[in-house]
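Pasting the structures here.
Below, chain A partners chain B and then partners chain C, in two separate complexes.
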Partner chain A sequence: MSGFKKERIEHYETLLREIWIASAKYLGMVSVNLLLERVVWEVSLEYKEIELLQYDQNGISCTRIAASLEENPDLPVEDMFMKFITRYVAILAKLLGHERAEEIKTKLKEEATGISFSTREEG
Partner chain B sequence: MDKLITGIKNFDSILGGGIPVYSLNIVSGAPGSGKTIFVQNIIFNSARSGLKSLYLTTISESQFKMVRHLQGFEFFSDDLLGDKVIYGDLGLVLRKQGTDKALEYLTEMIKKHLPNIVVIDSFKAIRDLFPDEKTFKAFVFDLAAALSIWEITVFLVGEYEEQELTLLSEFAIADGIFHLYGQEEKRFQKRFIRILKMRGTSFEQGEHLFQISPVGIEVYPRMRPEGKELRYDVKQGRKGFGIPDLDEMLSDGLLEGTITLISGGTGAGKTILALKFLLEGAEKGEKGIFLSFEEPAAQLLNTARHLGWELDKYLAQGLVDIEFISPVELDVDKHAFEILDMIRRKKVERFVIDSISSFENSVSDIQKYKDYLWALGHQLKRRHINTIFTAVNDDPFSPLIVSKTQISLIIDNVIILRYVEDNSHIKKVLGIMKTRGSDHNKDLREYEITPNGISILGKLDRADMLR
Partner chain C sequence: MPTNLLLNISVKYWQDFQDTLANVMDANIYIFDVNGGSFSQFSLPVELCREVNKGRVLRDEKCISFYKSALGSLEDKDMLTCPYGIKLCAYRLGSYAQKIGFLIITPTRLITQVGREEENIFVTKAHSIYQTINEVLKAILERNLLGLRRLELNSIYEISRLMTSVVELDKVLDLIANSLIIIYKVDLCFVGLREGDKIRIAQAKGEHSHLLTGTEWPLIQPLIEQIFSKVEPLSLSLEELRTLPGLTDLEVTPGTEIIVYPLWSALGAVGLLGIVAPVSQDDSGSKNLQIYANFAAVALANATFIRRLEREAETDFLTGFFNKRSLRNMLFTELERTMRYGTPLSIVFVDIDNFKAYNDTYGHVAGDVVLQKASEIIKNSIRNVDIAGRYGGEEFVIILPGTEKEGAAKVAERIRKSIEIYPFPYRQVTASLGIALAKNNDSVDSLLERADQALYQAKSQGKNRFYLDPS
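Take a look at the complex of A and B:
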């Protein structure tokens, strides 16, 4: 596995943890995990590897995804995570309203600022 | 907040535009109260707007029967089935695979169809499949959480009695509760809907009449005067009858935007006087509606022709409309709303109800009648519409009774028509009892109705003619 990809996965893991904490404040842990389950399912239609994302009431982990790079070094990590985060925030925006989602978005690092709020109906 | 537009007649306006999207709603009511039709009407209307619905039956209603019954409604369309309206059987899963599999099945169905609306009918019926209330409660909360993340508006339909609405666990998770029920009145079986709860939007409280017609559900919002409705400008313009002596008695006509009661015994000329008021308006280009519970349009036309009035001409020009509603068919809850709707649409300036006694007789609850009249009166005033209510006085020789119920609070002007005896003759006299905010002539004047119209004669000069 290239060092660069490993770094990127660590970076996205941090980002996802921030999203998880920020959204748990509004939705509660149960709903956040249900939402993660939904987004995992949606993204898995394109990237099966996202099913390796681990999450429970204690948090979120990308360890198994990182490990899978050993067998699948060409996995487009950037695209997979960006699609995941985009969908997550877009659904959140619909469920909580754009104002709350914007608050969550501003807490995220620079990488998340380009996230659009496309939704199931619009998309 | 985005709203799901139900498309049900007058219902979205009660909800301030529709049901908040992604809300979880309970539709409750006794069997036969119209719950299923109500929800089906919403999903078929939504389907026409491109939204997809997943309708899951459980164990109280067979899909086959439901679809067969729905075919009689205009909102139903075969073309939408399978594409925008998808039926599923949650009951089968619950019975065959157990309650644990229900959420799994639901999630799979959602993933497969990605619906905008999910209906479970009947939700109450599945309670019995759970071993105890605690397990069911856990299922309810899991269900609510699972559905909440799919951008879905949910309807849980159930045969709940009103007293259950605050007790059962499913109501704790509801964002909205619609309760449907019926009650018998004198001549009608009435159906009502009440919104008991609706998070995320303001709504019109109280019971709203609805009917199930071939179109589907049609709601008639409850009329009620609100604080804001009570504020209206008083205009100083005058509107006359076109009967010079009467207009003079009224100091040049009735004040604009006021409500006038013409009370009198049978045959005294209340209808004719009210009709003349509309015709005078039409002569000036003002639109008027004559809402008759007494005489059909043809009969009014005959009367007008006999008096040499050009009612036909004004009807043809659209300046006067006659709406006849048989008192036998009069459903105050429905018609009170329709009256206002008609006035709004037609931009009416003069309006007559002949007679409010028919209104009164058709309502079993007299307080309800007063509330309607009060609400109607204030809305008419707010729109600056000159209104005449006629009322039948059961004792044609007594001027003291204006109407059975005390409606004087909303009445600005009162004109009394009565009979007097004079030397073995019956004469008609007219008097103005009250004109709010204006002076008026206090004389009692004789009048007659002849083929030349209404003529106001001299002052009654002998008090002994009054009993």
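Take a look at the complex of A and C:
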């Protein structure tokens, strides 16, 4: 089970890198880091483990989240990352306009078949 | 800040805590959010309800309608009896300023079947549960709010540092709009810059931002006058905002707050900052937003001042054309493009004939008028992609990207003729023009030199004509 979750974390790490590259291109590093900090805080209210996400001007890494599975194998990885990505993309849509956000979403969908993204936040 | 965000906690962890409390206190606990929706589940199996409902669904329509009606009119606390006769204690959670939700506590046995004393014990127990849960929820809210404030302050620090060091106006505008959308999750953010007697929206992001970008509002427009009549921000209704030119079709989500901050610096009004936010800010949030607005004003004042200096440094004051230095820089860029892509590039040297005599005879003011009118004629004779500048004295240079000699000759003749027929004061004015086509090995100087030589030929052949460099 833990092995499967680690695979899923690796998968989400790839997705987050794609989002990071795409949004840095349009927003610049300062705004992207601010956006990451904001979404990490928001998701951390429910899942503290998201604070283990590492990001700086060189990229984004989920290594410490994967390592935390040793101590917390029940971590709801899917829900945590989906909430993170949904909230990130919702703010991104406001910043870039829905058209560009749709472009990024389409690109992400190619990377992650079967995952539904919304540029509108859930109520 | 949305209430649901501040109450954003792990429901699983909360349910564990609530269930443990319910077991210890031997009472059932249920929580509704502030809108009457479910926040948590019943802590204990609802045997009581099952008994009452005789095996039917635990919460039928009758129950839902009862809760909605009872909680809607609940002041602080009340002892209620559900449609099936179960007595329960209901409490409002949170404070008057920050409403969190509603707490329902029911006994694990039917109180109607036991004595008065047991009912009193249940009420005391329910009150203890209420106090515990209310304190825990308030602590969570405080913690979440502190987290948000920390995030706000961190970003204000970063943004203030950048906004006062970044001088490119576009980057400053981007930073202001981005940070407001990211931190405050505003639906719409717009920044207007003061340009003379009007405000021009230089940046707009978020919903319906396309309606605002580029719109201009006169400073004498009543609402704009009202905004700049004081230092504090102005809270507006949608109807008021719609009175601004170009915003008649603007829509915002009902319940959102529209605030416009006048941006002031030591030199006066710099512009304005508008946000459409989903909920009102508390006192700290409003102060932080004001800090943002203050930094935005300083950053915009710096950036616009530097942009003006840069423009002045590359512009000829009399004609508004590019000056010699910026013209040479642009010619360098165009030459590079020509070499790289193999597209043609022509330049035209224009010189007003006998300008010194005109100036000496009719005075410098009259001479300046000739230069201004000539520059207007040149501007009206070229395309938007062409570049014109005052090279010095009565000399102008026109850069014509993508243009062969024949095309350049047509432009030159158009300018010559327009100057010749223009009714300048005192007497007729004419111009001579020299044309050169860029070669592969040309430098800025060699190309200008050939155009100047062509101009010399036009002069020596009798003036009021153009000459094509034959090489």
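Here, the second predicted complex is superposed on the first by the 107 of 123 C-alpha atoms of A that agree within 3 Å, B and C clash if a C-alpha of one lies under 4 Å from a C-alpha of the other, contacts with A are read in each partner's own complex, and residues count from 1 in each chain.
Following the convention adopted for this analysis, a contact is a pair of C-beta atoms (placed from the backbone, for glycine too) under 8 Å apart; a residue touches a chain by one contact, two chains touch by 3 or more.
No experiment lies behind these values; they were computed from the predicted model shown.
In the superposition on chain A, contact is made by A:46 with chain C only, not with chain B. Look at A:78: by the touch rule set out above, it reaches neither chain B nor chain C.
For chain A, the partner touching the most residues, choosing from chain B and chain C, is C. Once chain A of one complex is fitted onto chain A of the other, the partner contacts of A:102 are absent, as it touches neither chain B nor chain C. In the superposition on chain A, contact of A:30 is made with both chain B and chain C. Shared contact residues on chain A (touching chain B in one structure, chain C in the other): 30-31, 34-35, 38, 41, 91, 94-95, 97. Residue ranges of chain C in contact with chain A, taken from their complex: 5, 8-11, 144, 147-148, 151, 154-155, 158-159, 162, 171, 174-175, 177-179, 181-183, 185-187, 205-207, 209. Residues 30-31, 34-35, 38, 41, 91, 94-95, 97, 119-121 of chain A are the ones that touch chain B when the two sit in their complex. Contact residues on chain B toward chain A in their complex (touch as defined above): 1, 22, 111, 114, 116, 145-146, 148-151.
The residues of chain A lying in touch with chain C in their complex are 27-28, 30-31, 34-35, 37-38, 41-42, 44-47, 91, 94-95, 97.
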